[in-house]
Amino acid sequence: MTAQAAATVEFAGVSKWFSGVVAVSEVTVSIGPGVTALLGPNGAGKSTMLRLLCGLTSPSRGSVRIKGRDPRGDPDVFRDIGLVPQQEAVIERLTGRQFVTMAAELSEVPDAVSAAARNIQLVDLEPGDPRPLKAYSKGMRQRIKVAAALVHEPELIVLDEPLEGLDPRQRLRMIELFGRLGDEGRTVVVSSHVLDEVERFGSRVIVLGQGRLLAEGDFREIRDLMDDRPHRLRVGTDQPRHVAAGLLAAGAVVGARVDATSVLVDTDDVRAFRHSVAAIAKDANARLLEVVPLDDDLDSVFRYLLARRT
Amino acid sequence: MTASRIYDSGYRPYDGPRLGAGHATRSLVTHTLQRIFGLHRPARTKVLPMLITAIAFLPPAVFVGLAAFLPKQLTDATLPTYGDIYGFISAVVLLFVMFVAPEALCPDRRSGVLSLYLAAPLTRARYLAAKAGAVGIALLFVTLGPPLLLLVGLSLQSAGPDGPGGLALALLRIVGAGVTLAALYTALSMGASSLTDRRAVAAAGTFIFVQATNAVAAIIAFGLNGPKWVLAFSLGRAPFELARQMHGERAIDDFHVATVVLAIGCITWTLAAAAVAWRRYATLQVTR
Amino acid sequence: MNTIFRLVVRTQLTRGRAVALGALGTLAVILAIAARAGADADVNRSMHDIIDGLGLAVLAPVTSLVLASAALGDLAEDRTLVYVWLRPLARWKMALGALAASLAVSLPFVLVPLIAAVLIGGTGGDLLVATIAGAVVAVTGYTALFLGLGLRVKRALVWGLGYVVIWEGAVARTARGAARISVQVYARSLLAAIADYAPPRQAASVGASIIVPIVVVIVAYVVTVRWLQRAEVA
């Protein structure tokens, strides 16, 4: 895998173990501007990797660098990092404004109070809310954490399960926000289990399994690289049997299943299939209604990668 | 009839035998004791309880050792009685008291696990009873263990009580005193721990309350020349004095309070602290 | 650093802690009133017992322990230290802010009731100076020690109470070597020297009673900074 031109984060041969349990094993990866999703099942090492990235823990082996600097050795690096941790806990005695203002002051943001108010409004909360954080719901706590993470306009934004506790409308707003931050050229690293929403962040993923790096890059390109697993597509047509026969005869597919209005096909070469399906349909005097990939989504890629691992 | 079987059908409801509320209560006692002593947990959680327990057993162990090596005439003059041993371990016992109940009660509320317990066949009363049982058993280690060690150690060296009658009486007194101390301090520490979610605050609160009762009783009895029976309400001294007197020891000069009065003081504190704990848990809202 | 100072003061001083520590301090005042009012009482002796026995042996260590161990310890226990730690603030400033906040809260809780007790007791200016000196040495030493303890150790309060009750309350009073690693001995020695009381067992000289606590504070502070730098933050 090639490193991005201006990588913000670099992991070089990083391993981390706790009392004999290996959480992360020999991970080498670079993360640059834009949105990158960190995926993996429970226990894959995602949270450990995010903690290593932010300097909250030291690697047992290897090195982590944020713009060339060690986050464990230099607190100045934290100027460029904003973290939304997974845990729900916040400093409960403070109000939302006090919490975000504290974050701004500790990051030496000029006019911390205004910056805090601005960022609280950005996450659809009320800056003047007098209630302490103890009274906040789960979703409100999540949003105030996001506000505190963004208040100093960091270049690197790390989000550990940022959509947890949010209702659908709030989730959409957050996804839009993170996407916008990525479009602005910031480096956004998101760890989430909600794959269909992660897909909306962007297409770059890092997939972990049992502490190891399974894949990185655009998930569609990763899918294409999986030549041990045929692609599945649905071809909608008014002549499903004839189209299926034509596809099988041409060798464009390795398997086909026919129903009343479509053909489900498996093919090893999606590009060749796409080039040939129209011509085959024409020869069969069939109308093509749709050609839809069924396992080109992130969920399928993720499952295939994990299945290869086990 | 097919010979095929499915061994993993995914989720199914449990339809086996249910062991009932009694089993749930006993399980809670066991798990709480494991938590207190750090069993089935990392080694660092064992250090504090084991260290405190070991320090409590140190004085009687030393005296048993002395009895083994010194001539009888010397040991007769230097060895403490079974009641006097509490004077050597009272500080450690109080330290253990400060640690045990906060560890047993506070984390359940702080982490939200209490609501899971109450969703099981455990009423609030059963929950508190189980916790009291676990805390009481833990405290018995330090209120009963050291004098028992002294009794057994000295008896094995023929320096113990005379005859089976003397042995039985000593044993009865040790058990009575140990159980009395354990019951009082269980109630006290549970009362303090029911008032806060933080272990540290519960521990500090227990310590400060004990010191405060000592000081107030001393002020009234000695500073203001008031009635001496108020000393029966000093939580740091009266219980241990009661334990001594249960062994037939005479009252220490400045603490001349009748055994019955001491017992009333201890019972009063036990009931009051238990009432605080019960009231708190009876009215506690367990969901966020 | 101001932000850390304000945050620690805000999170450290809960109503429960304030009430409990205030009640403990009030005891000293009540005892002083009782000593002054008692017809047969030796007021000098009583005041010595109050300041030495309650003030320096109980009030100062317990107050410092409760507040200092909570300064960073509460944040670590609640898993909210990350919101402070992951900021571009030098760790020495972070530790200094927490230490200053702990002292700013602890000293009044100890000094105010003890000074009030001395004034009520009416036993003279030397005891007032001695009380202030002894209490400042005690609170500063304990606060520096327990600040790092709260960060590093779970159940810091019980460990701290164990140190106060068993080590300082028993071991250090009987063994000279142990007395050299007891904050209380230095505070009580300073009190005795200035107020012209009989020195406590295993007493230290006036010079040692000032210098050693300063060294303790510096070493404890440096260790706390180091622990902050190397902390594994949840």
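Order of writing sets the labels: A, B and C. Residues in every chain begin at 1.
The working rule: contacts are C-beta pairs under 8 Å (C-beta built on N, C-alpha and C of every residue); 3 or more make two chains touch, one makes a residue touch a chain.
Fair warning: this is a prediction, and the values are worked out from it, not measured in the lab.
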{"item": "Chain pair whose interface holds the most contacting C-beta pairs", "value": "B-C"}
{"item": "Label of the chain whose CA centroid is most distant from the centroid of subunit C", "value": "A"}
{"item": "Chain centre separation (subunit A, subunit B; CA means) in Å", "value": "52"}
{"item": "Chain centre separation in whole Å, for subunit C relative to subunit A (CA means)", "value": "50"}
{"item": "Between subunit C and subunit B, distance of the C-alpha-averaged centres to the nearest whole Å", "value": "29"}
{"item": "Multi-chain contact sites of subunit C, meaning residues that touch two or more partners", "value": "14"}
{"item": "Complex interface listing, subunit C residues touching subunit A", "value": "2-4, 7, 10-11, 14, 75, 78-80, 82-91, 230, 232-234"}
{"item": "Partner subunit B, residues of subunit C touching it in the complex", "value": "14, 16-17, 20-21, 23-24, 27, 30-31, 34-35, 37-41, 46, 54, 58, 62, 65-66, 69-70, 73-74, 77, 154-159, 161-162, 165-166, 169-170"}
{"item": "Contacting residues of subunit B [partner subunit C, same complex]", "value": "44-45, 48, 51-52, 55, 91-92, 94-95, 98-99, 103, 195-196, 198-201, 203-205, 207-208, 211-212, 215-216, 219, 223-225"}
{"item": "Residues on subunit A engaged by subunit C in the complex (per definition of touch)", "value": "51, 54-58, 75-79, 81, 83, 85, 87, 89-94, 99, 102-103, 105-108, 148"}
